[in-house]
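Same chain, two partners: chain A is paired with chain B first, then with chain C.
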Partner chain A sequence: MTTPGPRAAYWEYVDSLVLATALGTALWLIYTRRSRRGLIALSIFSLIYFGFYRKGCICSIGSVQNLAMALFDNGYAAPVSAIAFFALPVAVALFSGRAFCSGVCPHGALQDLILVKPLKVPTWLEQGLSVLPFIYLGAGVLFAATGTTFIICQYDPFVPIFRMSGRTFMVLSGVALLVLGMFVGRPYCRFLCPFGAILKLAGTVSARRVRVTPDLCTQCRLCEASCPFGAMRTPETGRPAPRDLPSERRQLTLALMVTPLLIFAGAWGGLKFSPTAAMLHPSVNLAHEFLANQGKPAPTGALSPADLELQRARQNPRETLVASAKVQHRFDMGTTLFGAWIGLVIGAKWISLRLRRTRTDYEPDRGDCVACARCFDYCPNELVRRGVISPVKEPATTTL
Partner chain B sequence: MSTGASSGGPVNRRHFLRQGARTAALAGGGVLLGLLVGRTSARGTVWQIDPQKCVRCGNCATSCVLKQSAVKCVHAFSMCGYCQLCTGYFEPAPNDLNTGAENCQCPTAAIRRTYVEDPYYEYTIDERLCIGCAKCVEGCNQFGNGSLFLQIRHDRCLNCNECAIAKVCAGDAFRRVPVNQPYLLKAISH
Partner chain C sequence: MSVQRKKMDPAQSWITMGWLSGVFCTVLGLILCVGHIRTITEDPFHSPTLKELKIRLRENPKDEALKVKIRDLDLSLRAGYFEQVTRMNLGIWMLLGGVPVLIFSCRKVLAIRRQPPVPSGEYEPESPHRERATSRRAVAAMATLMAVGLWGITSCGVSPLPRSEKQIDEALATGQPVVVEISAADYLKSWPRFLGPLGNNSSPVANPPARWETSTGSNVLWRIPSPSSGFNSPIAWGGQVFFSGGSAAKREVFSIDLKSGKLMWRSAVSAPPMPGPATKKEIPESTGYAPCTTATDGRHVFAIFANGELAAFNLDGSSAWAKNLGIPDNPYGHASSLTTWKDRLIVQFDQGEPDQGKSRLLSIEGGTGTVIYEKTRKFGSSWASPLVFESGGKPRVCLLSIPHAVTYDLETGEELWRAECLNGEVTPSPIFSSGTVFVASPTDKLLAIRPDGTGDVTKTHIQWSAEDNVPDVTSPAANDELIFTISTSGQLTCFDLKDGKKQWEHDFETEFHASPAIAAGRIYLFSQKGRAIVLEAGRQFKEIFQTQMDDSFHASPAFVGDNVILRGLTNIWCLGSGIPSSVGTAKPAGKP
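Presenting the complex of A and B:
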């Protein structure tokens, strides 16, 4: 009998190295070359390598779950590549924004490349949907930390496309998102991606940021509608009209006061939700099946996988129930925290909508910008820098 | 008059907050990484089937994310009885003890039966044809020595974050094993 060695082990280091190189290249293309064309090339490379060649199964989006599971499960150690795929993009985002999203992530690259005619998502919808990634992140961590399932991997829409096979639901959601993605810029990145949520937070406090213009913003407004991902922000005084000031203050106070209530309500709701969520765990599910089928005769003849599983439980009833109770206990804690997290996310979003910021230039939002470099092409100063157009001469002020 | 509302004020405060948050995030991330790296095994893990726990339910053939499962049947020759009437090879009530498809367990004819000497036959698995359905494994376990068993073949396995077969494994037989010992083999000592 042959025992071929694990391919996977060797690839861990190759993948981590390719990731580091791709991130470095992305940073260089965004900040030094300021080249959209370069980023397209990088996107195609990432799509082919991380997507179609590596079949999307070493990916930063899912690595969050490996880390969560490694932290809470003593029997599991996260692989080196999972740690690298989590830490490198976050570290880059803390200093230089979401370079990972721009052209290294195969999911982002795929959606970026198929975008045909971006439509503007209404602000209320965009703001409302933008809390989803954080909730999805919380759910992913909850189910990974309890050792239940990696939902982010299970419901990943693009991996079936990279693999050219998959469960019907996954394939359908992938195709649907691709069709949607032709008209709405990066729908998965903006409204679902849990890793994008982490990078968004990291990007918000980043040291360096993506700027539309290479030097000076002349406020020509040419870039105003250039961002297909709704990340462009317009200049603001940061100060409301005196007449609006009291009502704005009231609304902010309301948001600040309601947020703790939301957190408590979420925690309460989460605890109520615990038994339902725990049913996704195989041990709990098996214990329920076992209790439901107690006293019924064992099936005979050809046994289905479910029958065989039940048989395993019947041989060891005590162990089955103890394992289930342990998991249930973990879930009580986990879903409470998850509920509180949902409350916090909604509250924080609400508060952020009530804040005013001072902004003098047209600039992409630090958190929302995926550094795709599209807006650069719209800036006349950028075109001057590239030598596409010549700088406007000052009108001659010669004396007559 | 106070000069608190000078134009530099709020920008500096924001800058300070941002830097503080960044430092906090880095420190938190560092602690997290330290915790994880301390626990990560030097060379990582891969998925494998524990043949002692496998209940031959057939999910391996259908649940793998690969079109043809990464799970294949392997044969521990040291355990094999080289039976003429191999219950892993033949149907429970074969019409005849020959290689006719109607007599065989294997749906893809992946088991090759070769004559050794009377009354012994050798059975080898053609891994290109095997789909990991475990029909032969069940047969071998019922009446034979259990020398046929399922293993994840690591030249095919993608080592997914979450193994799709492990999720539905009826015997709870899937587990992560160290990379330097990637197979859980059956063998008897002589």
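Presenting the complex of A and C:
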């Protein structure tokens, strides 16, 4: 993949400023103007600027890794733009939901704009796949914190499209995801995006939330199927029938008890995964190559970068193995935590699917809603409020 | 006849547009896929035909027709590749134009035909709970799937790597021999480069014989016929003596066992073809292909030849790497020797005229041949060798070229200071002693320069200069108090190191090309006609020994342990105590 060349330092601030402005505009369009068209225009701008012009770098999705690496590697300082691209969308999500996803993220914008005929993903499949972004987030942090690689960037399916070049596999993945995205709303955002996972958590506790209408919900059910991303929630009764109550309580208690076990099991499995994961680190891989090639003659002629690395390792074999050992120890800790994280994600999801909620209106899920503003146009009360349609006058009743 | 007007479908034009753009995008997408595969398969870097031709050229480097064929093929491959890339870029832009039209058309059609939502059936408030039950099963299935996947990856069978000190020791013990760490003491007791370990033509620890007799073989450990011709001087490391030799047909490096005089290995250089178009520059016979002294970092031996071939060999003679810097544009042929610092190889590759910017200073990773930096120098041809020294705890390298002595930060290649002090054809190399750099402007001046300056230090850091009997070919030799020079005509002169005052001079009336060298408080001189002279390295002229040897010396001596290594035009000599060896091609001492 062609990596964009370095740019003047002031561009970091320009990008951050553009991001802040775009986020502000998104908030204004979602909450004040409640304009789907405005968000489409913002999506087109973000796609052109953050996507095709900035070639998908820097982007908020990858910035998680910059911060993880900066936290664990004293020799690495996260760039200002990486900090801004992480912090601004998260801060906005904490107060006002996923405005970043609505029309500022170029990945989301691209998928949103190509959506032609959205098909409903079955709820069970949606819920099953919804744990993947959290696990991908954990993996991204693990490999960045250990200084291995930025896997989220390396396996980003849309960056090759923005850069119009890349590895064949990634180009095909991007194209396949786009074709899928014509019929399944935002597949990457919903089932893979690690930054979306963070924003989902932030959005869940956000002070302000997107509503179909700020007025009264008449439960006309017209917005029931309006969300192509499966974020519309229907009214629910919070309490089960009395005969189901003991059974549901037992099940919830069991889920609460099983979660710590899942965490421990995950940690144990993670530790077992450590040697394999560590092999992705250049130092460990070099040590492996060095040991595998012991006694073999050194290659001559024009040397590949891998040959050169091996030659260096042969100059300092002890240094190579010591460096590898240090990384392996770091991976032991990292993969253990990663495994525990997987256990926690599964357990938390399991518990959340056990909980009953009381909901009286049709409303978008705080965490899942990407604030695309599609549902606004489905609500007759909203259309009346905006003056698009006239309120139906009640026929006058006559008394005999 | 009544004409019935068919009612026009409002979506029809968008359907047509959708079909057209769909076909356009599909065809273009297929073309791009084929093009993408072509750019991968027809990558000029991986052309099998080109590779084969290059291998053939390596076997037969003088095949001009083959070179022309390679250039033509390379040009056509690259031209084809870039044409393809241009076409691909154009295609991608066209696709970027077509896809939005397709999407927009489809959305328009769907918007026109969309039916307003009509909620069906009665809403059941319990339905979300039922869905959750199914979802829990899906999450459980996902968790199981991941566990199985991770278990599968984990059990792929990654071989365990050492983690503890003990495991590392075991891994190293069972593998290839571990390279011994190089200490300062190893360096001092060897002669790892031209000018010796200290860069002043002296050895602080060697104790070579003060006398020897070629007729009786007394103190002549061995001598062997030189395996290959060359004017380069010997270097020594770890019981091995290294030289290079070469002709137009073959350039090689060879190693001789210090104790026995036995040829341990000789390895030919297999550098890749010269970069750029073939040139017809001649290598002058007066300097030959191997005038540059080799250098070692204790793990490799490095050699550069007058045709620009640069090679590194492991100490067992196996090739580590080789590259071709191209034939230097030098009227007398390239003669600057190599030097090392830690694991780096330093190459002074001066050539051409100052304004041409052809001259370069290269720092190369010794083990791999990776160029760490390559600095262009606005200087012309030079024949002096680079001097590596430490100043203020930092490594420096001093290079001489008319009219400047220039010192660079060795780690970064940044210029630190320069002194305008040189005239003529710069051949004597700079030396370093007692914290001072000494440079000889041929037959003009000997200068002492303090090395702690920055910028132009011509007026500020030249401590002294002397004008008596300044050499034009040989480099000076120094101990902590005195500096000795010998001119080509045989004038040996001794100066005080601190103030440059001449202590004494003596005319030996014979020609010298070999630099003087100091060990065990004695100066050793070897003339072109085979005269060997040993003197006390003191403030008074005191000759200890003089003899006539059956050889002609142009190369400077090297000291290691109790031995002096000499390279004559016909023989390689090892002077020192011990029983004369009669191994291999070694002749009994005293009987040429």
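Note that the second predicted complex is superposed on the first by the 387 of 400 C-alpha atoms of A that agree within 3 Å, B and C clash if a C-alpha of one lies under 4 Å from a C-alpha of the other, contacts with A are read in each partner's own complex, and residues count from 1 in each chain.
Here is the rule we go by: contacts are C-beta pairs under 8 Å (C-beta built on N, C-alpha and C of every residue); 3 or more make two chains touch, one makes a residue touch a chain.
Keep in mind it's a predicted model, so treat the numbers as computed, not measured.
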Look at where chain B and chain C land on chain A after superposing the complexes, then choose clash or fit. clash
Quick one: is A:L17 in contact with chain B, with chain C, with both, or with neither? Answer first, second, both or neither. neither
First (chain B), second (chain C), both or neither: which does A:M257 touch? neither
Considering only touches as defined above, state whether A:R221 meets chain B (first), chain C (second), both or neither. second
Applying the document's definition of touch, where does A:L71 land relative to chain B and chain C: first, second, both, or neither? first
Between chain B and chain C, point out the one touching more chain A residues. C
I'd like to know which partner A:A9 touches here: chain B for first, chain C for second, both or neither. first
Does the superposition put A:L308 against chain B (first), chain C (second), both, or neither? both
With the two complexes superposed on chain A, say which partner A:A207 touches: chain B (first), chain C (second), both, or neither. first
Intersected contact list for chain A, partners chain B and chain C 303, 308, 311-312
Inside the complex, what are the residues of chain A that reach chain B? 1, 3-9, 12, 55, 57, 62-63, 65-67, 70-71, 76-83, 87, 90-91, 94-95, 149-150, 153-154, 163, 165-166, 201-202, 204-207, 238, 282, 303-306, 308-309, 311-312, 358
Chain C contacts chain A in the complex at 29, 36, 40, 89, 92, 99-100, 103, 106-107, 110, 117, 119, 123, 125-129, 131-132, 134-143, 146-147, 150-151, 153-154, 156, 158-164, 167-168, 171-172, 174-176, 178-179, 270, 272, 299, 314, 318-322, 343, 365-370
Residues on chain B engaged by chain A in the complex (per definition of touch): 10-11, 18-19, 21-22, 25-26, 29, 32-33, 35-37, 39-41, 43-46, 55-59, 65-67, 74-77, 153-155, 157-162, 167-168, 170-172, 176, 179, 182-183, 185
Residue ranges of chain A touching chain C (in the complex, touch as defined): 113-114, 116-117, 123-129, 131-132, 135, 164, 168, 171, 175, 182, 220-226, 233-237, 240, 262, 269, 272-273, 275-276, 278-279, 284, 287-288, 291-292, 294-295, 297-298, 300-303, 308, 311-312, 314-318, 321-322, 324-325, 328-329, 342, 346, 349-350, 353-354, 356, 378
